[in-house]
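Before anything else, here is the set of structures, which you'll find just below.
Shared between the two complexes below is subunit A, which pairs with subunit B and subunit C, respectively.
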Partner chain A sequence: MRRLTREAKIGYLFLLPSIAVFLCFVLYPFIYTIVLSFFDYNWFTKKTLFNGIGNYISLFSDQTFWAALGRTIFYTIGTLAGQCILAFGIALLLNKEYAGIGIIRSIFLLPWILPTVVTALAWRMMLHERWGVITYLLELFNITDGRVAFLADTALALPSVMAVSIWRGFPLLMVSFIAALQSVPKELYEAAIIDGASWFNQLFHITLPYLRKLIAIIVLFRTIWVFNDYDLVWLMTRGGPAFATETLPIYVYQRSFGAYKFGEATSIAMVIFFFLVVMSGFYFKLIEKED
Partner chain B sequence: MKKRGTLVVFILLISVLAVFANGTNESEGKTHLTFWTALTTTADQQAHQKIIEAFQAENPDIEVTVEYVSHKDWYTRMMTSVTSGDYPDMVLCDQSEVAWMYYQGMLAPMNDVLSAIDPTGTDFVSGKASIDSCRTRDGNVWGIPFSMNINAIWYRADILDDLGIDPDSIRTWDDLYEVCELVKGQGYTAMGMALAREAAYQQLCIWSNANGCNFFDEENGAYLLDIPSERKKVEDALLYLKKLNDNGMMPAGVSNWMWVDYRTAMANGEVVFTSSWGGDIGVASEVNPDMLENLSVMVHPVGPDGEEYPPYHDAGIWAWSITAGAYETKKEAIDKWIEFFFEPENISIACAARPVYNLPLQKSVLESDVFYSDPITEMFKDEIEYLFEYALPTARRVGFEAGPSIVAGQISSQLFLSDAVQNYLFNNWSLEETMEYIDSNMKDVMEEFNYPIDGYNE
Partner chain C sequence: MNKVLRFVVLIILCLIIIFPIVNIIFTSFKPSEEIFQAKYQFIPTEFTLQWYEEVFTITPITGNIFNSIIVAIGTMIINLFAVTTAAFSLSRFKYPLKNALSKITIFTYMFPSILLVLPLYLIIGNLGLINKYPGLIIAHLTFTVPYGIWLLKGYMDTVPKSIDECATIDGAGYWKIFTAIIIPLSGPGIASIMTYTLITSWNEYLYSSVIMSGRNKTLPVKIAEFIMETSEIRWGTVMAAACIAMLPVTIIFQFLQKDFIKGLTAGAVKE
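Showing the complex of A and B:
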């Protein structure tokens, strides 16, 4: 057996802290979550009964779970679509060099820089039906008949949260898109202009095909992120009114810290995990292809 | 060598800092008491500070610190504190939270300190909205209430007066609805109440109570919603709330209204009636004092199935509880603090932080001059006496009909009742679906926590 050199030993020693952190804060909780998902565990009563795959079976007959899953998918798709369109449009506008472009790009980054709690509370105030500026302006300009209760209306609450999520998340995509746009060879555009291609033709036949894979990678990456969105939704609506914004992460919280049924909650968390593993699989496949 | 020396000095420095960070007060020989409370307004905080300062001046060897935890975050904070074992020495919270903590095994019985506060056992007013809310069937007391708040219908006396409506004539739900229609016709929003996800369950209980319904038997705690006549009372409460909402008697956005929303709306003159525990007065005194002279209160009108007028009223209490671990080591200091807090002057200070909402339960306080020395409390003396005379005798809280129960704590900490109300009012659930949801979730909770659905046998 080959003995480790002194340098190698020191090298491993330096790895120890990160391994310890990984074991304590990632691997142990993860394994504990898997194990817990097979138990009927109530935090309040401390009742712990092995339940096999019982939690998973009852999950699939739980209407609330399916409704929350549907809402989460709707939220994820809608938010991502909005973020992509907004980010790409602004990236196209900002992919130019003129005086003050750096400052303008920085300003567009502000929504991303703001802490989520500030974003959520500010938008809650702005969307409030009594003292919110948005509904005030809508009424002032006769766009709506009266005040609109964006976050209190079961039909409007989720789209309203999605709009805020789009606003908060688009800068990250925008920066990626700007970087990607700057990698498109200028010669392609020059040749297209000589051939008389319009701006739209350039967009659909040069820019988008060139960025296709990159967009796919970014979208997949963001899917994982948005699917797990918890803080913004919780701070804005706490999953209400009447379940209207109860996405899966909120449902996990409610089953655990609301009903103390941590066994059930962890089984939902494992379903989310499985879904995201599949998405990550696609993500890494795409990266591999891109390489 | 130099590096090693630096390392040693660094470790020593950290150790010294750790020792001091943990023990400043102990090194001064002080006993440190901490309490959490869900009474979080600025006025509450100022009142607590005043009482703490007075106590510390009398007891320089005891230091009291307070942490404010909102009701919304209370149970989550408690859960994490129970798990980590890092919970406060005392809490000042409502009776549902006391029940929750009692069944979590966190609390110490307070019979001794209660005897010190009320040696004759006659000072606290009787009824379900008093000490009984915190007394288990074995006779142990797990919380001592410093105040109670009774839900009733607060109204704009000036508007009813202008419309020639005598508040005393509003004795049934139909009467109330007719007046709501009338005030709506004058361009007012009729009714405000808290129907947000964390609060809607209270309105279900309040209106069910006003319809003569108890969820649990008063004697043996048996679950009553399996009895068709009792179940119908809850259905009628839901139907009435829906009628108010669907016919525009409640404001847009009421599904997100927390307590502060309807109180502020009343203070700002945006609603005519509120289903309220009187917190409107404190808010009005802060944001629109001119409104105070227009506000008054009446007992709940009775629902179609209610047999008695006035009907049952919901009442919350704010009680002191002591955590078990702390009582073993700091009993003397804790007893001193609790006894000090229950002195009439201090109860009056604490009550004045939320005038009319915080009503003392000790006769010695009610009959003292200090309680009414607060000008707003004094201004509403008639209303307070009215509430004591007409609402207090029927006051109780769902889950506490037969004393604190494990389900009582769960009704407050879980969201299923609120979700049922919200989905029925705002999400087109049918009445059958809603009742089934309430019933199945109540039974799930009872089963989960081994609550005797047929009542206690002894």
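Showing the complex of A and C:
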């Protein structure tokens, strides 16, 4: 074996504290998850029985799981689409220098730095059936017949949570999009302006094609986040009413800390992990091409 | 697009986006009758401090605020040590597996907490750290460290290598270069990971709700308890608590916003 140089040894030494955190509290728990997913773990008797792929078989034949997966995909696509449109729109508006732009941008960023519990609270108040401003205005302008209980309605609960998720998550995308827009070389536009291309044409024929890959990278990263969004959904609806907002992360939580079926819970977690591997695979591929 | 029109659209969007936040603040100063009335009242006609009095006397959250502060600062200090050393190593040293380690860092940052929460809970339990500050600090480090390394490595890469080469010639050791050159020159990068750590640790809900209970609940967990475990929510009290919860993050964020955004976009746009 090749001997390590002194430099390499010292380099590893500097890495030690973070590697220790990684090995003990990320890698080890993760291996624990894999192992547990093949066992039937009883929290109360502390008995562990090997179950082979039993957890996976029962999971894949469980209707609840497929329903939760479907909801998660719907939630992810809807939320991301909303966030992208809002974020890109605002990024285009903000991509010019004028007075006060700093203040405006920091206001747009506020939703993203709030504690999730505060976000959930703010919207639950506004969507409240009796005192909420949204239900009040919708009734006032005769858009709805009476006041609608958005979060208690099985058809409306998930879209409502998605709307909140859009509000909360768009700022991060917006900041990334602004940075992306600023990376487009100015010369690209010069010829187009001389030819008299409209703002719209410039956007679709210069800006978007140029940024295609960068936008894909940014959006991929967000996909992982939205797919695994637990806090907001839980704090808004707890997965209810009648499972209407039970996404995979909520399902994992319910199975683990609600039902104490750790084996089952970890097998769902492994499905989430599979998704993470696929998405990050795409991500790393794109990053490499970009370099 | 016309410049004036652009500005007007921006201002309107701004007002819509910020409305839920302003609504919380105003509601926390409204007397009961104005919160619980069918007709919506935006600006309170009568200001009251009764809800703020309540969160410090009847249903005190002082202890929870204290818990959140301890956890956030504890996480920040340990995080700072682990992140600066690792980022320095990845940015300045040559050794086998370096590229793989950089990738693992990003991959770990993508790792969702819902995947780790159960085994981490069991491990922290085995260490006897459930419902203790170090237990939650450990949990928070699992996401603040990888992000911090990723961000700070990028920042340290921009500090010219020629500076530490000169120092080496002058006889400075690695530790000297690290503490006397790299750390001072990475100031804004370090400030931005500190901000990030403080804000995310203060805001974090999932790990906190599983690990902390009783008197040790952090502020978000306490607020969640207000809204989850009662059938009729006491909106006034909850809104006052929410205002207190969002005050420090908003202030810290304004203070360090520029570096923070720079760091974020460096992370989101480029590796």
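FYI, the second predicted complex is superposed on the first by the 275 of 291 C-alpha atoms of A that agree within 3 Å, B and C clash if a C-alpha of one lies under 4 Å from a C-alpha of the other, contacts with A are read in each partner's own complex, and residues count from 1 in each chain.
Simple rule for what comes next: contacts are C-beta pairs under 8 Å (C-beta built on N, C-alpha and C of every residue); 3 or more make two chains touch, one makes a residue touch a chain.
These figures come from a predicted structure and were not determined experimentally.
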item	value
Partner chain in contact with A:Gly146 - subunit B first, subunit C second, else both or neither	first
Which superposed partner A:Gly239 touches (first subunit B, second subunit C, both, neither)	first
Partner chain in contact with A:Glu129 - subunit B first, subunit C second, else both or neither	first
Partner chain(s) touched by A:Thr45 [first = subunit B, second = subunit C, both, neither]	first
Partner chain in contact with A:Ala81 - subunit B first, subunit C second, else both or neither	neither
Superposed model, subunit A: greater residue contact from subunit B or subunit C	C
Which superposed partner A:Phe257 touches (first subunit B, second subunit C, both, neither)	both
Partner chain(s) touched by A:Thr154 [first = subunit B, second = subunit C, both, neither]	first
Which superposed partner A:Ile57 touches (first subunit B, second subunit C, both, neither)	neither
Partner chain in contact with A:Val278 - subunit B first, subunit C second, else both or neither	neither
Subunit B and subunit C footprints on subunit A, overlapping residues	130, 238, 257
Subunit C - residues contacting subunit A, complex	1, 3, 6-7, 9-11, 13-14, 17-18, 20-21, 23-24, 27, 35-40, 42, 81-83, 85-86, 88-90, 92-96, 101, 103-104, 106-108, 110-120, 122-123, 138-139, 141-142, 145-146, 149, 174, 178, 199, 202-203, 205-206, 210, 219-220, 223-224, 227-228, 233, 235, 238-239, 242, 245-246, 249-250, 253-254, 257, 261, 264-265, 268-271
Residues on subunit A engaged by subunit C in the complex (per definition of touch)	4-5, 7-8, 10-19, 21-22, 24-26, 28-30, 32-33, 36, 90, 93-94, 96, 98, 104, 106-111, 113-126, 130-133, 136-137, 167, 172, 175-176, 178-180, 183, 199, 214, 217-218, 221, 224-225, 227-228, 230-231, 235, 238, 249, 252-253, 256-257, 262, 265-266, 269, 272-273, 276, 279-280, 283-284, 287, 290-291
For the subunit A and subunit B complex, residues of the former touching the latter	42-45, 47, 128-130, 146-149, 151-154, 237-244, 254, 257-260
Subunit B residues within the subunit A interface of the complex	75-76, 79, 103-104, 196-198, 251-257, 261, 265, 270, 413-416, 419, 422-423, 425-427, 448-450
